[in-house]
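Below: the structure, in C-alpha cells.
The chains carry the letters A, B, C and D, assigned in the order they are written, with residues numbered from 1 in each.
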Amino acid sequence: MDHQKVKTLRQKLYTIVFEAETVEGRTFDIILLFLIALSVLVVSLESVVSLRKMYLPLFQAAEWTFTILFTIEYLLRIYSSPRPLRYIFSFFGIVDLMSIIPTYLSLFILGSQYLLVIRVLRLLRAARIFKLTSFVNEGHMLSRALRASLNKIVVFIGVVLMMVVVIGSMMYVIEGAASGFTSIPTGIYWAIVTLTTVGYGDIAPATGLGQVLASCVMIMGYGIIAVPTGIVTVELSNIERQSLNTRVCPNCHKEGHAPEANFCSNCGFALPSNHGT
Amino acid sequence: MDHQKVKTLRQKLYTIVFEAETVEGRTFDIILLFLIALSVLVVSLESVVSLRKMYLPLFQAAEWTFTILFTIEYLLRIYSSPRPLRYIFSFFGIVDLMSIIPTYLSLFILGSQYLLVIRVLRLLRAARIFKLTSFVNEGHMLSRALRASLNKIVVFIGVVLMMVVVIGSMMYVIEGAASGFTSIPTGIYWAIVTLTTVGYGDIAPATGLGQVLASCVMIMGYGIIAVPTGIVTVELSNIERQSLNTRVCPNCHKEGHAPEANFCSNCGFALPSNHGT
Amino acid sequence: MDHQKVKTLRQKLYTIVFEAETVEGRTFDIILLFLIALSVLVVSLESVVSLRKMYLPLFQAAEWTFTILFTIEYLLRIYSSPRPLRYIFSFFGIVDLMSIIPTYLSLFILGSQYLLVIRVLRLLRAARIFKLTSFVNEGHMLSRALRASLNKIVVFIGVVLMMVVVIGSMMYVIEGAASGFTSIPTGIYWAIVTLTTVGYGDIAPATGLGQVLASCVMIMGYGIIAVPTGIVTVELSNIERQSLNTRVCPNCHKEGHAPEANFCSNCGFALPSNHGT
Amino acid sequence: MDHQKVKTLRQKLYTIVFEAETVEGRTFDIILLFLIALSVLVVSLESVVSLRKMYLPLFQAAEWTFTILFTIEYLLRIYSSPRPLRYIFSFFGIVDLMSIIPTYLSLFILGSQYLLVIRVLRLLRAARIFKLTSFVNEGHMLSRALRASLNKIVVFIGVVLMMVVVIGSMMYVIEGAASGFTSIPTGIYWAIVTLTTVGYGDIAPATGLGQVLASCVMIMGYGIIAVPTGIVTVELSNIERQSLNTRVCPNCHKEGHAPEANFCSNCGFALPSNHGT
C-alpha cells in the first residue's frame, strides 16, 4: 500500500512537472517559465557594473533563490521520471543541470556564474506549455527547410572559408600592420567581416591597392550573400508546395499527389477525382 | 428647418473633411497633406541647433499655426462624423489627437514638442486622396504576405533572441570590459548589431578567441538573414499565384485563368467576362 | 552634284559615327569607348592630391585633348544625323553634351571639371558596339522585373520613410546630442543607416534605452530587407516563366500560352499540340 | 621485365597518389589533406608577431618539412601520371606547384612565404577523397545556377559600377577632403562600401547635403541588393525544377515524373525504372 502511494505520488508529480494537460501542470510550467525569464534577466543585470555595486546582496540572494528552486525542480524531475537516466541525458536534462551547476561552481571559481545565461535555452519549453501547435509546425517547417538545404550550405561555407583565407592573407601582404592587418588570422577576420557585409570598420584598408581589392571583395560579397538566400527560398518553397499536396492514394497511402494527377505514381491505382475540392 | 440646415452643414462638412470624391473634398485633403508634410519638416529643422538659434520665433509661430489649424480640423472631424466616438478611437482619430497634444504639452513640459513627428503617420491619408488604388492593392498584398508569414517570423525571432542572449554573454565572458563588452546587455546589443550585419564597430572583439567566435556568429548570420527573406518570398509568391487563380471555367471547371483570358485554355468554352469584379 | 556628294559624305559619316555594322563604324566605336574609359580614369586620378601635384600639366593636357576630341565627335554627330534635334534632345545627346561642357566651364568656375565623370554614362554605348544581344536581353529582363515591381517598391519605400522619421526623432529625444544625435535630421540619417544594415558607426546609441530601441530597429530591419528581395524575386520568376511560354496562337497571334493549354485563351482557337516539342 | 616492373611501380603509385579507391590511396589522401590543413595553419600563425618571436625556429622547420614533403609529392605525381604535361598544366597541377615555390623563393625574396596560403586551394581535393558525391552534386548545382545567372549578373555589376563612379565623384565634390573624401577614387570606394551595405565608417559624410545623398544611396542599395538575390533564387529554382523533369511517360508522353514514381500520374502506365540513370 505504501509503495502504491509512493507510486501514485510519483505519477502525480510526473503529470505536474513534465506535462501541461492538467491545471496544476500548466500552472507549474507557467511559474517555471516566469522564473527562468526572471533569472536570465537578473544574471544579465548583475553584469552591469553600476547596478552590481548598488544591489550586490540583492542579486546574490536572487541568484541563490533561483538556483535552489531549479535544483529542487531538477531533483523532482529525476524522481518523478519513469526513466530517470533517459531524462538526465536528454537535451532538456543536460540544459537543466547546466543551468544550476554554475552557481555552485561560483563558490570556487570566480566569474563562472555568467554561464548561467544557458538558462535561456530552458525557455524553449515555452513552446510546449502554450500548446502553440501552429508555432511548432512553423518551427518544424523552417528546420526541415534548413536541413534540406544543409548539404548545399556546407559546400557554400566551405568555398567561402577558402576564399576568406586567400583574401585575408593577400590583404595582410598588401596592407601590413600599419592599417591594422597585424597577422594573417586578423586578415581572415577582416575578410569575414567584409564578405558578410557586417563591416565594423575597426580594421579597414588604407592603401589604394588594398581598397581596390576590398572593393572587389565587397562586390563579390553581393553575389555571395544571394546564394544562401536562394537556397533557403527554394527549399522553403518546395516544402510549402509539398505540404499543400494533401491527396493520398486510397490503395498504398502515398501522399503528395499533384492536383492534376489521375493515377497514383507509386502503385498505379486510379486516384479519386478532386473536383469536389 | 434649422435642425435640417445644421444636419446639411454637417453632411457637407463630412464630404469635405472625410471624403475625397468632390472637388472641395479633394482640395481640402491636398492642402491638409501639404500642411502635414510642412509641419513635419518644420519640427525636424527646429531640432537643428544652428537653425533654432537663428529662426526660433519663426519656428514657434509656424508650430502654433500648424497646431491651431490641426486642432480646428480635429474638431471639425468630430463634429461632422456621424459616429464621433468611432472616429475618436479609430487609428486615424488617435493619430490626429496625438499630433496636436504635444504642442499644448510643451507649454508645461520641455522637449515634448519633438513628439510632433508622430504627424508623419497622418501622411498615410495620402493613399486615400490620390485614389491610388493600384498602390493600395500593392500595400494590401504586401501586408497580406507579411501577415501570412507572421507565425514563421515569430518563431524565427524567438530563436534569434535566444541565440543573441547566449552569444552576448559568451562574448562578455571572453572579451570583458576592455574591448567595450562592459556587461551582458551590452554583449547582447553587440550580438544583435553583428547578426543583423549592421556592424557599427563601436564595440568590436579585440582578443583572438573573441574574433573567432565573432567570425562564427557572422557566418551564421549569413544563413540566418536568408530565412526571413525566404519566408517573405514564398508567401508573396503564393499570394501572387492565388490572385491569378480565381477564375473557373463553367464548362470543364479548370481553374486559374488569367484575368485577360476570354476562352478556357482547356476546352475552348467562352469564359464569362469578369467586368463585375 | 556637289549637293549629292555632301549628302553622301553625311551618310558615310552617319554609318561610321552612329552605326557599328561596318568595319569603320566598329573601329570608330571601339576607339571612342577606349577614349571615354581613359578620360574617366584621368579625371579620377587628377582628384588625387599627390598625383595632381606631380602631373598637373599632363592632366590638363589630357583633359583638353579629350574635350576637343569629344567636341569634334559631338559636332560630327549633329552634322551627320538625319534629324539633328532629335539626337540633341535624346538621352545620349544630352549625355554627350554634358560630358564636354564642364571642361569649358572650368575656365570660369573652379572645380566644375569633376562633373566630367558623367562621361561614364557614355560607356553605356558599349552594349551597342559589341552587339551583346544576350546582355541586352538580360538588361531588358531585369529592367522589366524592376518596372513590374515598381508600385510595390514605392509603397514599401513610403512606409520605410515614415518609419525612419518616427524612429529618428525618437532616438533624438532619447539619446540627445551627447551620442551624436544632434538633430532630428541626424536621427533620421542614423535610422536609414541602421535599417539598411549599412551601420557606419559614426553615430551610435550610447544609453541603455537607446540601445534597446536600436536593437528593435535592427531586428525589424531584418524583416524589412526581406520585402524588396521577395518582390524582385517573384517578379523575376514571373517574367522568366512568361518568357518560357513561347506558344503563339496561329489565329490571333497571342503569345504565352501554358504548355497544357489546348485552346487560345484570347480567341478560343484550337492550339496545335506541342507534342513535337 | 625491368621496364615492366617500373611500369607496374608507376601504375601502383598512380593508384595511391591520384586515386582514392584502394586503402593505400585513401590513407595517402587523408594524410595529405591533414598536412595541407596543418601547413596553412602554420603559415597563418607564423604571421602573428608575438608567436613568430617565440617560435621562429619551429615555424621555419615546419615550413621546410612541409615544402619538402609537398615537393616529393609533386614529383611523384609527375612521375606516376600517364600524361605528365596534362597534370602539370591542369588546375591542381598549377596549384600544387604554386604551393611549394614560395618557400624556395623566400630564400631570395623576403615575405614571399605568405603566398603559401594558396595551399588552401589544395583542400578542394577533400571533396574527391571522401567520395562526397552528394556534396559534389550540390556544388555542381550551385555552380550551374551561378553560371546560368552570369549574364544577368555581369549586366547588373556593370550598372552598379557606373552608378558607383557617378555617386563617388558627386560625394567628392559635395563633401571634400574634410570628411575623408580625399579624391574621386576614395569616393568610389566609399560608394561601394555603402551600396553593398558593408559600411565601415572609416569615411562617412559629415555635411547635411552629403548625408541626404548618402541616405538616397542606401535606400537605393536596398533595392539593388534584391536583384542578385532574385536572379540566383530564380536560377536555382529553375535548375531544381529541371532536375525533377527528366522522366517522360512512354505511353502519354507526360513529363516531370518524380524520381521515385513507378506509374505515370496521368495515364497509370508503368514507368520504366530509372536504375540506369
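Here, a residue touches a chain if its C-beta (ideal position, glycine included) is under 8 Å from a C-beta of that chain, and two chains touch if they have at least 3 such contacts.
If you want to know which protein each chain is, UniProt gives these names: A, B, C, D = Ion transporter.
Since the model is a prediction, treat every value here as computed from it, not as a measurement.
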| item | value |
| --- | --- |
| Pair from B-D, B-C or A-C with over half of its contact pairs in common with C-D | B-C |
| Type of chain A (Ion transporter):chain D (Ion transporter) copy interface by residue overlap (half), same or different | different |
| Chain of greatest Cα-centre distance to chain B (Ion transporter) | D |
| Computed distance of Cα centres, chain C (Ion transporter) from chain A (Ion transporter), in Å | 42 |
| Centre-to-centre distance between chain B (Ion transporter) and chain A (Ion transporter) (centres being mean Cα positions), rounded to whole Å | 30 |
| Sequence positions of chain C (Ion transporter) contacting 2 or more other chains | 185, 188, 197-201, 225, 229, 231, 233, 237, 260 |
| Residues of chain C (Ion transporter) that touch chain A (Ion transporter) when the two form their complex | 197-201, 229, 233, 260 |
| Chain B (Ion transporter)-facing residues of chain A (Ion transporter), complex | 40, 43-45, 47-49, 111, 114-115, 117-118, 120-121, 123-124, 134-135, 138-139, 141-142, 145-146, 153, 157, 160, 185-186, 188-189, 192-193, 196-202, 225, 228-229, 231-233, 235-237, 240, 275 |
| Touching residues (chain side chain B (Ion transporter), partner chain A (Ion transporter)) in the complex | 151-152, 154-156, 159, 162, 165-166, 168-169, 172-173, 177, 182-185, 188, 194, 197-201, 204, 208, 211, 214-215, 218-219, 221-223, 225-227, 229-231, 233-234, 237-238, 253 |
